[in-house]
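Two complexes, one shared chain (subunit A), two partners (subunit B, subunit C).
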Partner chain A sequence: MSFVTRGFSGRRREPDTRLPPGQTLVQDWPVLSAGPTPHVDTADWELTVQDETGTDHRWSWDELLALGVEDVTVDIHCVTHWSRLDMGWRGVSLDKIFEDVESEHEYVMAHSYGGYTTNVPLEDLLDGKAWIATEADGAPLDPEHGGPARLLVPHLYFWKSAKWVRGLTMMPDNDPGFWEQYGYHLYGDPWKEERYW
Partner chain B sequence: MTHHLDGNVLAGALSEVFTTDMTAARGRCGGCGHMAAIAEAMVYTDAPGLVARCAGCDQVLATVVDTGDRVILSLAGLSAVELRR
Partner chain C sequence: MSAPSVTLGRSRPRPAWHVATVVETRRETPTAARLVLDVPTWPGSEAGAHLDVRLTAPDGYQASRSYSIASATPAGQVVLAVDELPDGEVSPFLVRDLRPGDQLELHGPLGAFFVWRPGTGDRPVQLVAGGSGVVPLYAMAAAHGAAADPAPFRLLYSVRTPDDVYFADELAGLAGPAFALDLVYTREAPAGWPDAVGRLTREALAARTVPAAHRPHVYVCGSTGFVETVARWLQELGHAAADIHTERFGGL
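The block that comes next holds the complex of A and B.
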């Protein structure tokens, strides 16, 4: 290890190695939307998790927050080729949501106010990998960005982080959600560039 | 602000698939039965694909996903499409 080599390798080149293939770094937060923006008051908001017995587990807004809101700093990667690094979020870990849910099923369909859906394997929502996010960039989530609450699954392409989330339904099979039916990848790993079918 | 354009923005993508001008074609919404020209649909373009919705009920009528080397078209929300000869 010569002095010269150390000098060069010591140069910070983090953004390059943290950008998945085909992605470009942005500083702003583009708004993508496949339909009209639902406006849901937190007083009316509710999250429902439905298991195969038909049992609904429900959380009101206050009940959700009472589970414990944590700070999260993550990189997000949108399939339309932009990425943001070190984005600050606040939300409730899905580990807390699934603590009381018993299910044999391995897949989850996320449902949103407005009708959007996306499918995610259950294991991708557990072990500190996913949240019900209520704040981003230091402020409550705007409706345009999925407020009052959206799913946050940062290790998958951002279409999996369903805006306006209202429900999670356990599924025996990995059925496709909205974009997954219309051409996008069933799983969506940005590091493998799993964009389309 | 999420905004939408009219169905004429689908002209380019649909011309790759159909030989006639599809924006002039009429379609029936599978949700509410509303019959209208494709040009009258509400098309959301700030999205991972084009999403055409019924002006009557917001149901998704058609989607177009451009993968670069493929076009993936869904007309699943239309119960019928009328093409003029």
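The block that comes next holds the complex of A and C.
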């Protein structure tokens, strides 16, 4: 139903085919969070993956890094219409985390320090598509950007890349997380503009 | 995709596309404009909600931005207050070029977390605004006044100068026994202003907000630096993290 708004020309630039629809390129890194920023020391940090038997698989900060940290360059897309391209990150692939986890369940709820949650299908976290990220732009992640560690799932809208991640719980159904309960899309593919449901 | 197992917030209107016609634009502050939009299909919105504005150029180029809704408006009308960002792409057009009769696309209402609903209890509500972050908080104060809700309301509003106050007349009109307005001027105050001019401090925050012992719901909106600082101070002053709702400008 789009129509031309009188007088609007926009900023003249070549269309960037790497930008999903409705997104604008930014150079800075905006912050969006629902509440106060948790401050978690890496000495106290722990990641727990819980399967359907109730078994907890745990990693301390040092144990996480010992799994092998890799450099990745990815584009990120926030549902509030900004994107960053070719952003440098460091983190541990979730393939390494899930190597020793046996589960029949197809969905994952990510839990954060501070209480935030978000739901992601397991297949979207495997095969080199997602990381536990500890650095961005060449420096340790600031708390306001989710440090010491956040989920990084760059092919989905960025609210799926849970800040301050502390746990992943396997679940049989695609139950909605925090923003999803408040009307954001259950899956969140930026190329299909799956912003809200 | 399985159906969500929760229905939280589903009583609110579903987000949808709407055609808006500009009824009025006026200067709100030296850098911001108030836009009054006629939107016949608009279902109304909760106080604090936001929407997306989409503009289309003659060559098909589109730009979308999110804006807080400035009041808990009745169905059929939307009021926005847009601050012009230096080097912005959309906000300078909205602030400078938009005229009555122009049409825009809106998508919304959006957001069910950073909202206040009348009739949800007697706990006090503390609003803390930095600059143009007052917009969704003004909507809450207006909704509170319109509903004559019994929850005590208080707004602490940090602003550069008297000219930069959004909704100055409306806020002054709302002030009374049920709504306290506290202004902090960071650059310049009106003549005879009794308080120090300068950045908000933790002491001023403590002195001019509802004490943590009264368990207020707190809503903080402003720049990232403002929100980070205020939310940290609030926790140091004894407010529980779960009672502090935050919203920041996206930086676009």
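Structure notes:
Here is the rule we use: the second predicted complex is superposed on the first by the 182 of 197 C-alpha atoms of A that agree within 3 Å, B and C clash if a C-alpha of one lies under 4 Å from a C-alpha of the other, contacts with A are read in each partner's own complex, and residues count from 1 in each chain.
Methods note: contacts are C-beta pairs under 8 Å (C-beta built on N, C-alpha and C of every residue); 3 or more make two chains touch, one makes a residue touch a chain.
None of these values were measured; they are calculated from a predicted model.
Contact with neither subunit B nor subunit C is seen for A:88 once the two complexes are overlaid on the shared chain. When the two structures are aligned on the shared chain, A:22 is found in touch with subunit C, with no touch to subunit B. In the superposed model, A:80 makes contact with both subunit B and subunit C.
By the touch criterion defined above, A:140 reaches neither subunit B nor subunit C.
Contact with subunit C, but none with subunit B, is seen for A:176 once the two complexes are overlaid on the shared chain. In the superposition on chain A, A:128 makes contact with neither subunit B nor subunit C. For subunit A, the partner with contacts to more residues, out of subunit B and subunit C, is C. 30-37, 80, 144, 179, 181-183, 196-197 are the residues of subunit A that lie in the contact sets of both subunit B and subunit C, per the superposition on chain A. Interface residues of subunit B facing subunit A in the complex, by the touch rule stated above, are 1-2, 44, 46-49, 51, 53, 58, 60, 63, 65, 67, 70, 72, 74, 76. Residues 30-37, 79-80, 144, 159, 179, 181-184, 195-197 of subunit A are the ones touching subunit B in the complex. Residues of subunit A that touch subunit C in their complex: 1-11, 15, 21-22, 24, 26, 28, 30-38, 78, 80-82, 114-115, 144, 173-176, 179-183, 186-187, 196-197.
Note for the complex: subunit C touches subunit A at residues 1-2, 4-6, 8-9, 12, 15, 17, 19, 52, 54-58, 61-66, 89, 93, 97-99, 102-105, 110-114, 224, 228, 231-232, 234-235, 241-242, 244-252.
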